[in-house]
Amino acid sequence: MPLTDAPLDELVVYRPDVQAPPDFDAFWERTLTEARAAGGPVEAERVTDRHLLRTVEVADVRFPGFGGDPVAAWLLRPRDSDGPLPVVVTYLGYSCGRGLPTEHLLWSAAGYAQLVVDSRGQGHDTPDRVAGGGTQWAKGFMTRGIDSPDDYYYRRLVTDCVRAVDAVPHLPGLDPERVVVAGGSQGGGLTIAVAGLARDRVAAALPDVPFLCHFRRGAEMAGEGPYVEIAEYLRWHSRHRVEPAFTTLSYFDGVCFAQRATAPALFSVGLMDPICPPSTVYAAFNHYAGGDRTMTVWPFADHGGGHGSNPVTQLEWLRDRALTP
Amino acid sequence: MPLTDAPLDELVVYRPDVQAPPDFDAFWERTLTEARAAGGPVEAERVTDRHLLRTVEVADVRFPGFGGDPVAAWLLRPRDSDGPLPVVVTYLGYSCGRGLPTEHLLWSAAGYAQLVVDSRGQGHDTPDRVAGGGTQWAKGFMTRGIDSPDDYYYRRLVTDCVRAVDAVPHLPGLDPERVVVAGGSQGGGLTIAVAGLARDRVAAALPDVPFLCHFRRGAEMAGEGPYVEIAEYLRWHSRHRVEPAFTTLSYFDGVCFAQRATAPALFSVGLMDPICPPSTVYAAFNHYAGGDRTMTVWPFADHGGGHGSNPVTQLEWLRDRALTP
Amino acid sequence: MPLTDAPLDELVVYRPDVQAPPDFDAFWERTLTEARAAGGPVEAERVTDRHLLRTVEVADVRFPGFGGDPVAAWLLRPRDSDGPLPVVVTYLGYSCGRGLPTEHLLWSAAGYAQLVVDSRGQGHDTPDRVAGGGTQWAKGFMTRGIDSPDDYYYRRLVTDCVRAVDAVPHLPGLDPERVVVAGGSQGGGLTIAVAGLARDRVAAALPDVPFLCHFRRGAEMAGEGPYVEIAEYLRWHSRHRVEPAFTTLSYFDGVCFAQRATAPALFSVGLMDPICPPSTVYAAFNHYAGGDRTMTVWPFADHGGGHGSNPVTQLEWLRDRALTP
Amino acid sequence: MPLTDAPLDELVVYRPDVQAPPDFDAFWERTLTEARAAGGPVEAERVTDRHLLRTVEVADVRFPGFGGDPVAAWLLRPRDSDGPLPVVVTYLGYSCGRGLPTEHLLWSAAGYAQLVVDSRGQGHDTPDRVAGGGTQWAKGFMTRGIDSPDDYYYRRLVTDCVRAVDAVPHLPGLDPERVVVAGGSQGGGLTIAVAGLARDRVAAALPDVPFLCHFRRGAEMAGEGPYVEIAEYLRWHSRHRVEPAFTTLSYFDGVCFAQRATAPALFSVGLMDPICPPSTVYAAFNHYAGGDRTMTVWPFADHGGGHGSNPVTQLEWLRDRALTP
Amino acid sequence: MPLTDAPLDELVVYRPDVQAPPDFDAFWERTLTEARAAGGPVEAERVTDRHLLRTVEVADVRFPGFGGDPVAAWLLRPRDSDGPLPVVVTYLGYSCGRGLPTEHLLWSAAGYAQLVVDSRGQGHDTPDRVAGGGTQWAKGFMTRGIDSPDDYYYRRLVTDCVRAVDAVPHLPGLDPERVVVAGGSQGGGLTIAVAGLARDRVAAALPDVPFLCHFRRGAEMAGEGPYVEIAEYLRWHSRHRVEPAFTTLSYFDGVCFAQRATAPALFSVGLMDPICPPSTVYAAFNHYAGGDRTMTVWPFADHGGGHGSNPVTQLEWLRDRALTP
Amino acid sequence: MPLTDAPLDELVVYRPDVQAPPDFDAFWERTLTEARAAGGPVEAERVTDRHLLRTVEVADVRFPGFGGDPVAAWLLRPRDSDGPLPVVVTYLGYSCGRGLPTEHLLWSAAGYAQLVVDSRGQGHDTPDRVAGGGTQWAKGFMTRGIDSPDDYYYRRLVTDCVRAVDAVPHLPGLDPERVVVAGGSQGGGLTIAVAGLARDRVAAALPDVPFLCHFRRGAEMAGEGPYVEIAEYLRWHSRHRVEPAFTTLSYFDGVCFAQRATAPALFSVGLMDPICPPSTVYAAFNHYAGGDRTMTVWPFADHGGGHGSNPVTQLEWLRDRALTP
């Protein structure tokens, strides 16, 4: 696998002209206001014993998301921790649900609380109840409801992710002043979105090899992965739908969220990533509004990014910013 | 591509022990009764000129399907035909919507009327409004609602297909005594389903390289195509869901529909088909209850079956049974 | 599949320096003169009933091609049409013969006559009797006779295609003043060739995702499809044959034919086409001599171009130019 | 991916005639005696803080392996645990070194100690100093030293794995009466080997989708993975080396180790595994000498086996045998 | 690559019921009689210096083949050899021409003369002038003229190969009593054909991994290579052409030639050969009529067979039969 | 396969800034001095009869390489040659050992002596006894010992190759004044290395499609082949090892050797080579210090380069420089 995009010296200055639609902020304010108005309970059930765990406490959480729908999450905390802990709110990669708590043991081992947020429709525990016409289909979620920003799948998912941050004060033992948002690939795109939409409540953002950034370039450059769903859909619907589709997508573009984000951020990118082409990652990074932003470059990485070395990098970066348990 | 399954001499006697669940007939009677009770209008709008056609009349149809949902269809008839025509009700392959009427010109050119039935959720014009939990996802439709026969996607789609036959008397110029059901791949599976569920109203059935037959063998043998979605889903959910999944699927198995079908039927099969393994096709064929059944064997075909030669075979077979315009 | 070539803003101005050999026009004048001198009958046998068709009349045609060889074609007309009809002379994609008339129902359904011209050697009904040395072989036809323009396969095939237009006045019910040439891929390249060689007798040209344009760039850029045959052949014969091969090919380059064509033309191109790289299509388009030329850009299309939407685009474009039945 | 081997009803009774060479036990007794004679220190350095961990104590271990070579391992224990803990000695998959301790957090989270044993030559921290001729090469380790059992790579690696169990009493806080050996793929093969060679000191064995079993069938049936290295090597060296190679391999065959193992064992197998064909797994399982053996069948799994569900299955199985912290 | 066919114990007794058509011998007697009647010169031009060779003498040969067509060959002999030498007449693999003499240095280095026979149409120097209809095309040569045994490509090529043996007495320094025929893949099939057709003039036959044996099984079992051309052709022409095609092929089946061959023969086979499935090789071998027949089994080989070890095996086998220079 | 790198007009002037480390010459002087000090015998055993050869004399050679290790080689000479012959010292492609002498018959047929040098560890006859830590593994040899120039695999292999030239005067019948070094791919890289390190003893160099040139670009651009091993290794070890790895590699870069070479040289390059991207070949060529340098461009070649035409080109080039037997 050779380099999948421009060489590094071009990437570091790549700052394409991507502009949010005029009503972008109004759209999201309306969306979040409605979701908060829908309300719903935050509930956490202790399930540590069911999973036969000892050093970590696990709760099966439901919090209200878009439309008040109950969204599933795992809450993991080190056993016997006192006082409120910094919490890492984790968003997930494309087509992965939250899985089992035993698949998310890193942050609690490092002393943090972690809230692992399910992606509606992508796993077992959080249905995506499609409203409206919603007939678009091209393998996955990228075109679900693409006819309109109101119906588009990521409107619901991004809202769930913001509402996860809203739920933090209602969960036991967490410090709402120290909320770190994090995730890789789709989870990285969602991390940027939340950093842009809940900017006063996010203490740091850790987007790894983020997806959902500069959709048009993604659709033109990606050789595999979910950007290709957009290209395949438009392959069959080129006649009337290309510009409307990109108009819908512009309400969900990580570049636009980045332009509004302020928290310190640690990005990562793989220069041989065929799924999230490096230029799409740099498009978001170079537009990121927060002054404290760092890019970890993995020069020979594919979409796996830094693999096992990445958490180490993140733990050190957080330590340097005094965001430790 | 070598042979993908057993040699022909074993296939022709392959009649596996596939049994419908005890409440199979009750399930479908309840399902169809409810759908008919939901009712809804049958509407046909002439769109011939919009598509710039001359020798064929085209109508854009909506008829009530599952839950009374409006299901889209194209009705094509030879221009200037008099009297009621035999009608070929066509069901479509997996992930294809009805497309444009200009993609369905064969049957009208041969003098038949044709009703091309959209597949809900798979195209643009017929949304699939997911009720209930419906969170399963594994690329496509095969696992949508698989937790329960009531919620499973194909309950809604098969019902739509039966309701298409119900709509025939309400459309102009068609002869309800001469309804031929037809389709390839998913359309072939749906053809068998309708032949089993609407047996007194189907004059002939033309399932080509049918999908949706003997799901367990399909999931174990198929190298590509939608049976693989089932295998991939169960790969991740092997721990608790294998038998429940096959229980749900048993309500939709073409073998069980075939055991109830009575209309004359012309099947086709490709012996090098990696998507619908020949043994799954023979499983349905060898269980088919109707006395007049024929298998067209394409010995070197992949899932394309007889390609352009297939319609010729079908036209001749219908002519030999006096089912001509 | 990402973009396979330059971005669109570079393509629209891509006009490479491709020049016809000095004796290009003489070569073709000699070639066509000889073919016409060879003569031969134009024959059409009605086969409508054999194919069980009702709304369309089908004739199995033979007309004289290169060397007077009988070339097969299907003639399809709407039944009961009066008066001479505009006729779409259709050339076929690489390695496809004319198939069955039931595979060519669009134009007659729209009221046009259609003449579907077989490609010699590529199907069943029109042999390519190789004269001379003709020993080159690299999977297909691209290198057959490449040692000399006189022996090259496409000399015979292009001549057949021009002779198809010559045959129009000798077939019943066609209007020689309204001959539209059309085809996709190889058929698109042949369309441009005929538009350049029979320019006073072509009313319009419809080349879709045309092949046979700017061979050197095609051989250097195409990742799959028949341009690759040239690269593979030259891989083995680099030592002495590269320039001679491109010299032969220069007599058959769509760019050179385009430089001579005058009829209104509607091209199409897919920007993710790995078989006919978009720059080769634009090379021909930007050199096209006719003043009324339009490019339909399918921005996410592979070699399928506009699929089912393409005929709609063509019918509307012809209607706007009053080329209707 | 269809089934990669025989159907399940044949697998459960598949017990091929695989016999250890006559001097198998003598070979291993000599090998282990020599390794123990070589001796060497067991050392453990606390590195918890370097990895920024909180709930788990991590030590960087070196213990003496084959030839007294220092072999690297991670020792992970729950922080603040009292008393000796049951310890899971984990062997690794092919071509993976021990990586970082943050990649091995499951067992300590469940209250166990875990010793993660590096595979010499496959990672960074444990060199494989090749003695003797050792010139065979076919991508990886499968043919390294295959000319003789004494020089074969797995003689050194298996010895390291047994010596890891020998090291347990010398490490702090571990209960040598409750040593569980575990691993997937290559780690599964090594687990069986240790269960056969250190049978009085192994309390339980957890081989997942084990490799290194019934080499001949593996080399004949595997479509990918390291068995293929054997086939590729013998493809080039068929003339003189086939039987000698299998003679060498017979000293390392999991079937022969299984015939000597006595500890309770929980195997797992994926019926669509192209890397470790199910019949090779069943060959070892059906020869396993211990009376308490269980097979977890993942019917649609590839080499990933039960993925995240597998640890749950193992924790429950150990709990049922009172092997809990 | 796992085993591609039945296990070895089934192969060694695999002797399918393949029968030559009743007029097989008459067909070939007529064919060869006509070719010999067409006559033509045998010419050899010394080109040693042009190829800058020193230890070997090279002549560029033309001999009369089918229809008297001049067929190219290289004649290589050790320099300064005295007396007539045993000669290895070599036939070539599919789609390879004779190339350069520098690619054929083995046999002369071992002291033999070698005549390397070009395959008409497959290289540069021997055109295949197609007579008759000859329109079938499916990538290569397998379907060229398949409508009739008289027109089929291999009628011409096999005849050329027999005529190469006829030419031996007319070339300098060769011993017509010691003609060895040899070749791999297509060359192996041709070797068997010549051994069956010129049985009194062949001293030994060396078919390696032979192609052109038991066509129907080849077309059903081969995953790649030229047997697949037959399957692909019949995929498109299943309706009327399957049995006629196999009837044509039966005149060229290596099994039928083997039933007539008498010379000592050394076959080879690769049990992981996806191009020439081992059962097709054993079909010919087990029908081979000569009493002195040996099979070299390369148990892990793909279509490469024994690679560099194969000539060694052949030289030793010839030495044991006193067929040495 | 399209062009894999820049177009030719950019390549011919591509001369990247690649600089040898300051102690490059000292490193190699020390290395070679030590190897020569280790000494060891040069032995040649006649094995002509064992291989049943007649026109060529073959000796099985051992000469002392790195550390005095015995390195295997074949020496082939035309039988009955008088006087000392020019000798072609041939280095081999990646992962190929010297094989059998019957695979190396070209140069002796042209009258030259040839010494075919085994690659330690890559074949059967020359073990690579790994000293030091040497734990890096990523499929092959590219990362073996990459932690330090002293331990790196190619230090040993390059030294062997220089020592092969040292051995020439000790072998019978060779002319040490006419030593030609040659090889393709890895052998091409080694050819350049020897031309740079033994420049007064090399009469000509023939590097074909050379590997081991401009490692960083190779690792960034190659789509397949051994450069990819470097990228894969750095994919997993990006955190700390990227720059150290390239520092080690800089001691073995063909560009640096080329900067020191003086012998006349004939390079070759394939412009569609995905294994050794053309720019890496031109990087070495454009830095080559010798004044008489020629590039054979195979414009459509993949890594096969000029195939059978290449030796012809080389023989003619040597003849033009009076380097003939």
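When the chains are written out, they are named A, B, C, D, E and F in that same order, and each has its own residue count from 1.
Keep in mind that, in the parts below, a residue touches a chain if its C-beta (ideal position, glycine included) is under 8 Å from a C-beta of that chain, and two chains touch if they have at least 3 such contacts.
By chain, with names taken from UniProt: A, B, C, D, E, F = Cephalosporin-C deacetylase.
In this text, all values refer to a predicted model and were calculated from it rather than measured experimentally.
Following the contact convention of this document, A, E is the list of chains adjacent to both subunit B and subunit D.
Between subunit A and subunit E, the least number of touching-chain steps is 2. Taking the mean of C-alpha positions as each chain's centre, the chain lying farthest from the centre of subunit D is C. Between subunit B and subunit F the CA-based rotation angle works out to 180°, given as a multiple of 5. Rounded to whole angstrom, the centroid-to-centroid distance between subunit C and subunit F, based on C-alpha atoms, equals 50 Å.
Averaged C-alpha coordinates give centres for subunit A and subunit D that are 38 Å from one another.
Separation between the centroids of subunit C and subunit E, computed from CA atoms only, is 39 Å.
The residues of subunit C that reach two or more other chains are 309, 312, listed in rising order.
Those chain pairs judged to touch are A-B, A-C, A-D, A-F, B-C, B-D, B-E, C-E, C-F, D-E, D-F, E-F. Within the complex formed with subunit B, the residues of subunit D that make contact are 1-3, 272, 298-302, 304, 306-307, 309, 312-313. For subunit B in complex with subunit C, the residues that touch the partner chain are 51-56, 78-79, 99-100, 102-103, 105-106, 108-111, 308-309, 311-312, 315-316, 319, 325. Only residues 95, 120-130, 132-137, 139-140, 237 of subunit C touch subunit E when the two sit together in their complex. Put simply, subunit D touches subunit E in their complex at residues 219-223, 228, 231-232, 234-236, 238-239, 242.
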